[in-house]
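What follows are several structures.
What follows is chain A paired twice: with chain B in the first complex and chain C in the second.
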Partner chain A sequence: MTDTPPKRKDPRQRTPVPLLPPVQRSRAALGLTLAAAEGRFALQGCAECGAVQYPPRDACRACLSTDLTWREVPNGGRVVAQTRIHASPDPYFREHLPWRIGTVALDAGVPVIAHLHAAVSRGDRVRMALRLDRAGQGVLIALPDIEGSAMTSDPTLRAMGTDPRHRRVLITDARAPESLALTKALLAAGAAEVRLGEPETWKAWDGRAAFDGLAAVSLHPLDVTDTGSVRDLAAGLGGKVDILINTARHERPGGVMTGDLTRARDEIEVGYMGLMRLAQAFGPAMAARAADGVNSAAAWVNILPVQALAHDPGFASTVAAGAAARALALSLRAELRGAGVRVMNAYTGPLDDDWHQPLPPPKVAPKALAQAIVAGLCDGLEEVHVGDIARDLADRWRRDPRLLAREMEGGLS
Partner chain B sequence: MTVLSDLITAMTRGSVRVIDLTHTLDPDFPVIVLPADFGQCARFRMEEVSAYDHRGPAWKWHNLSMSEHTGTHFDAPIHWVTGRDAPNGATDSIDPGVFVGPVCVIDFSAESARSDDATLEPAHILAWEAEHGPIPADCWVLLRTDWSHRQGAAYLNLRDDGAHSPGPSPEAVRLLLERGIRGFGTETVGTDAGQAQHFDPPYPAHALIHGAGRYGLQCLRNLDHLPPTGAVLLAAPLKIKGGTGSPLRVLALIEEPAP
Partner chain C sequence: MARMGYDGVVLTAPHTEPYARFSNETAHWWIARALRGSLRAAGLTPAQIDGFAVSSFTLFPDTPVALTQHLGLSPRWLDTVPTGGASGVVALRRAARAVQAGDADIVACVGGDTNPIDGFRTLLSAFSRFALDASYPYGFGGPNANFALLMDAYLTEYGADRADFAHVAVAQRANALNNPHALMKKPLTVEQYLSARPIADPIALFDCVMPCAGAESFLVMREERARALGLPFARLRATIERHNAFAEDPVQLRGGWAVDVDDLWAQAAMGPSDMDLVQTYDDYPVISVLQFEDLGFCTKGEGPAFLRKHDLTITGDLPHNTSGGQLSAGQAGAAGGYIGLVEAIRQVTQTAGPTQVENARRALVSGFGMINFDRGVCSAACVIEAGA
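What follows is the complex of A and B.
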């Protein structure tokens, strides 16, 4: 039962060691993972004859062409066969039995083997999705054709996902412009508790009162530039962080030759060193708790400027610090993936905040960033692009990173 | 060496005591907050290099980072534009003799308790002199406000129109400089009042005192343990090359009244 809040843990029981479903994939099959990481439903298609491919392969099943490209395909289908697995030699699936799988005839023209949502059975029209499983690999799941409340309580989805429902969240910087909206969106999504870090408690700030009186919300001293403060909070919260959302960042406009070294250092201290301090203090406990029942540790979220995929002369050192943080986050993802904890990077276009005030629209409203993060958690994503600018830049980056770097020489403004 | 041996004897017997006027260097201790467009003062930070572990099995040590103006700290004349050309105006060139000297303490705590923006005026100084005698030349003057008893956000006392904390008026600073003081020290985060940007000149303690080649001390504590006159201040900044200031340990020697 995942729709009732979990009981308190029995301290006499050992915390289960996180296990993973099979990890190995061919290079071709990793295409499913890349699509699932972004919440896209994509399969290979043949550039010569157009045949859609499944499972992923190196040559077309119809014409043997090796020119196969990943493309989004219609996600409708019908379940033509189903089975319920009651026994498995795989240590991960042994803990999740029984497990339902089935064959789905896709509207795109191929039959696929897929995990089945609890409300789906043979003969049903289904909505197919690519999801990351606990090992962080892309898998197919057949979902009911109509979204409903049953979505959140399905054990298969829950086992794969990072749904905030019943989970305890730490937002690292309450002062970030999106933190209040994020808190409310998480509570609306069923989060059990939202704790927020408050840096520099000796500096009064206007937004603080908005957190007062919110049930299940609390502020705690935390400054990601202070190793002692990060350690103290990690020690105090122990294994009570199921989702960590790092909203701490220091963004300032400026170039390279005329930029400010003190600010650049602050950007690195907050964006890069701060991430490393958080990872060292909170990461090991989260990694140990990835199979800890309904409110297991599930996700780590970083918020990065989308320009970190390339550069931005208008925010040179801020974006460089973001690029450093991104590289660190990818290594952290590799480390946490081994335990089954997902690292989501939310790439955002310029926020509609003080430090981006002279930039022209479109800008990302803090509330939109908050909603995109929570939606990404509900869908178990690894890569989220927030706002038109972020989506456009990411699209151009996928096609040709060097071309994007040239195009960015004029900056975003 | 009779004087020094007498001093040591007095300290051993407890008739001369050492008072610590210094706050602990702590990552949580407030630093001055400037408008967001300006460069900011770094807070105190420490990173462990090793702690009797694989990084160094028998020793523990930290790397520190901070501003010259973090925590209880000293302001050298070159800290302010008015003192930029002061001779020997940096922490490494100041005559070390000035780091030890007599100190007068003006008790302004009652006024500061009444108003966050309490401003020290010449009248307060003249009243103090009427009671304790003239402020001697080349003497430190410390302003006791009991502000060091404040915790958290109440210390900087930031509001949407800036910080609110006590400090001297331009006229008061001028009078102190007429007396020939060596330096001026406070319990607040700066030697100037929280709203001193609106004084004429702005930040008179910084502008006038450093312009006169004199020194500042701030973020002091335990001033309520000092007598109005008769104590000796020990305030030696780190010898930072070209330094505009320095965190430091500020001590005062006080004589206990004879039993």
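What follows is the complex of A and C.
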């Protein structure tokens, strides 16, 4: 049912108001959200006695230790009871009834209440996942034990997720190294249309021809450093942006004392101010369309250098602009969460492109970045780390941000 | 060590403040009305109450402390009993020991709540931390969804079907038709039960209680006092209470009663077959079935077959939830933890009027409360017997 392309919108009809499932959580339970944001299956456990527990607590139910940690646990389980809810007093769920949930006995040793994928029922072995729901909170869902095509058409996953299937995407800079690969990956994932922004349209550039002849793909003038240009495109596209992927960025090597001020200003203009311009022009319309049927507005994607979690003397001002954009993106996430539109930050290691040429491998192929973003959209992630360097750096950052800052003093190079 | 009995402690002056589907009044109002009802029945003034036990979900921002000032009471013993559907029996346990020990002479036990429009959703929204974290984000089905999972597991595990549960609901509706204050006024047939609108499969409309406003109350005092006041009374023969039992069970197919059932009957020096009537906590028929099993009337899984063999109406061989219970009289918040106990006091004191079971002398009352996350955490039960 959700796998048929949506009908054209009738502007005379009311656009459904975006509603959210219950958003309130305890501090401990936000551990589920953090894991879901990265696509990990983690539960709370006791550092002293090892007991795994659910729901998350402030003390261990086995030994009363308050030394609790989150750990990845086996994601298998068995559905021991199920129900189809036909009546709920909650406005969000009332719009999505009937809704299926079940009790799952996890291999990790605890029973949980979970959303059920349509192909899952009582008695089944299941594969559990933590996903972000429309409120941006981590929830458990029981998926079929064997991965299959049913994943994209499941109404529960669709209601929670940001799957590109049937959705219309705007990529803000066609000239970014990953934009062509991203376009192709989105089309392969079933995106209805891919529009790309093209800065400085009077300049010929290598690679433009590659977009010619791609069905459902079009280029549009867009300069994120020009407020008028951004507004013009937003006005022209109206409510036709379901997923926005901001590929516009300006990355140049250089330090602080010897850095070029003009380049530094460009980095801020594109990476930071550009994000703010895009958010002001496209954000409100996306927020208003977060419940607009199968092709509702769903996600906003930023591409950030992973060093933005700390700093990088080799790319001092580029990474500083990235850090500024990251902080802005986190605030944008908070604003769009109220509407149910997800903000994904894709943190990438150095790309295998001209500006990172002197750096040693491993580097990220533009195609790998594109595929990671599309996979992240399919799984509804908020935080994606692309490439070995990004994963390593993020891991060190989670453990000790100050230690990482020290270690980065030599830079990535 | 063997537990002390409850010799010399009695229950008296039961009062039910008639329920209303929705109410603009406050919990304070409902509790005051019920308390006044019991005091009037006993011929006492508020100043003569020196113990006060209160259960309510809708007093916020007040607590029973504020209620003493609000209602002009000056007790020397005060208790808040937050065990929901187990609160009547649990309040009684606390009050009986206080009276026995002399910490209080007359304890008023009151459960009451209001129910404004949209009150039930609001109440659910902040019910417990585990519910907020791990239950409501999953369809927000409230207790309906929790009991649907329980009933689904029960049907699967023991090969029962929905018709097995119709018997409970239909008999209670028949009982409710004798209770002028029951919210449900129309007869219910098995066919209607089976074909009712689905709520959360396998739970349908007539498996569910109707949330409402109301209050229930009774007094606990020494036998001499009740005699001096000329009040009919019930004696307390045995009680049990348990919380968070069988935490490892993936689904709640047994409650805490199963831990303590032998203790209950040993203290009572009676058995299930000695009971003239049974009042279970009945927010869903399936949980009543669990109570019959866990309290020793039959073995696990035999509940439906056992109940089918019995007539559960007032004139039957096993009268059950004689006022119609919550399923047919309404669920008035924490008063739902009192409805069975207050009715049982009326029954064994022969003051139940239109719902009176002939020659009722002994009653089992059981409570079940607080779906903190995926199951009811509190269970309790008591056996009461007619005074001399």
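We adopt the following convention: the second predicted complex is superposed on the first by the 413 of 413 C-alpha atoms of A that agree within 3 Å, B and C clash if a C-alpha of one lies under 4 Å from a C-alpha of the other, contacts with A are read in each partner's own complex, and residues count from 1 in each chain.
The criterion applied here is as follows: a residue touches a chain if its C-beta (ideal position, glycine included) is under 8 Å from a C-beta of that chain, and two chains touch if they have at least 3 such contacts.
Everything numeric here is computed off the predicted structure, so don't read it as measured data.
Once chain A is used to superpose the two complexes, chain B occupies space next to chain C without a clash.
Of the two partner chains placed around the shared chain by superposition, chain C is the only one that A:93 touches, whereas chain B remains out of contact. In the superposition on chain A, contact of A:227 is made with chain B only, not with chain C. By the touch criterion stated above, A:183 is placed in contact with neither chain B nor chain C. In the superposition on chain A, A:115 makes contact with chain C only, while chain B stays out of contact range.
Legend: residue contacts after superposition of the two complexes on their common chain; A:201 is shown touching chain B, with no touch to chain C. In the superposition on chain A, A:33 makes contact with neither chain B nor chain C.
By the document's definition of touching, neither partner reaches A:317: not chain B, not chain C.
Chain A has more of its residues touched by C than by the other of chain B and chain C. For the pair chain B and chain C, the least inter-chain C-alpha distance in the overlaid model is 39 Å. Shared contact residues of chain A with chain B and chain C: none. Those residues of chain A lying in contact with chain B across their complex are 200-204, 206, 221, 223, 225-229, 260, 262-263, 266, 354. Every residue of chain B that touches chain A in the complex is listed here, in rising order: 27-30, 33, 36, 39-40, 42-43, 45-48, 152-153, 155-156, 158-160. Residues 120-121, 124-125, 129-130, 132-142, 144-145, 148-150, 152-153, 156, 197-203, 247, 249-251, 373-374 of chain C are the ones that touch chain A when the two sit in their complex. Listing the residues of chain A that touch chain C in their complex gives 21-22, 24-26, 28-29, 54-56, 61, 80-90, 92-93, 99-103, 105, 111-115, 122, 133, 135, 137, 139-140.
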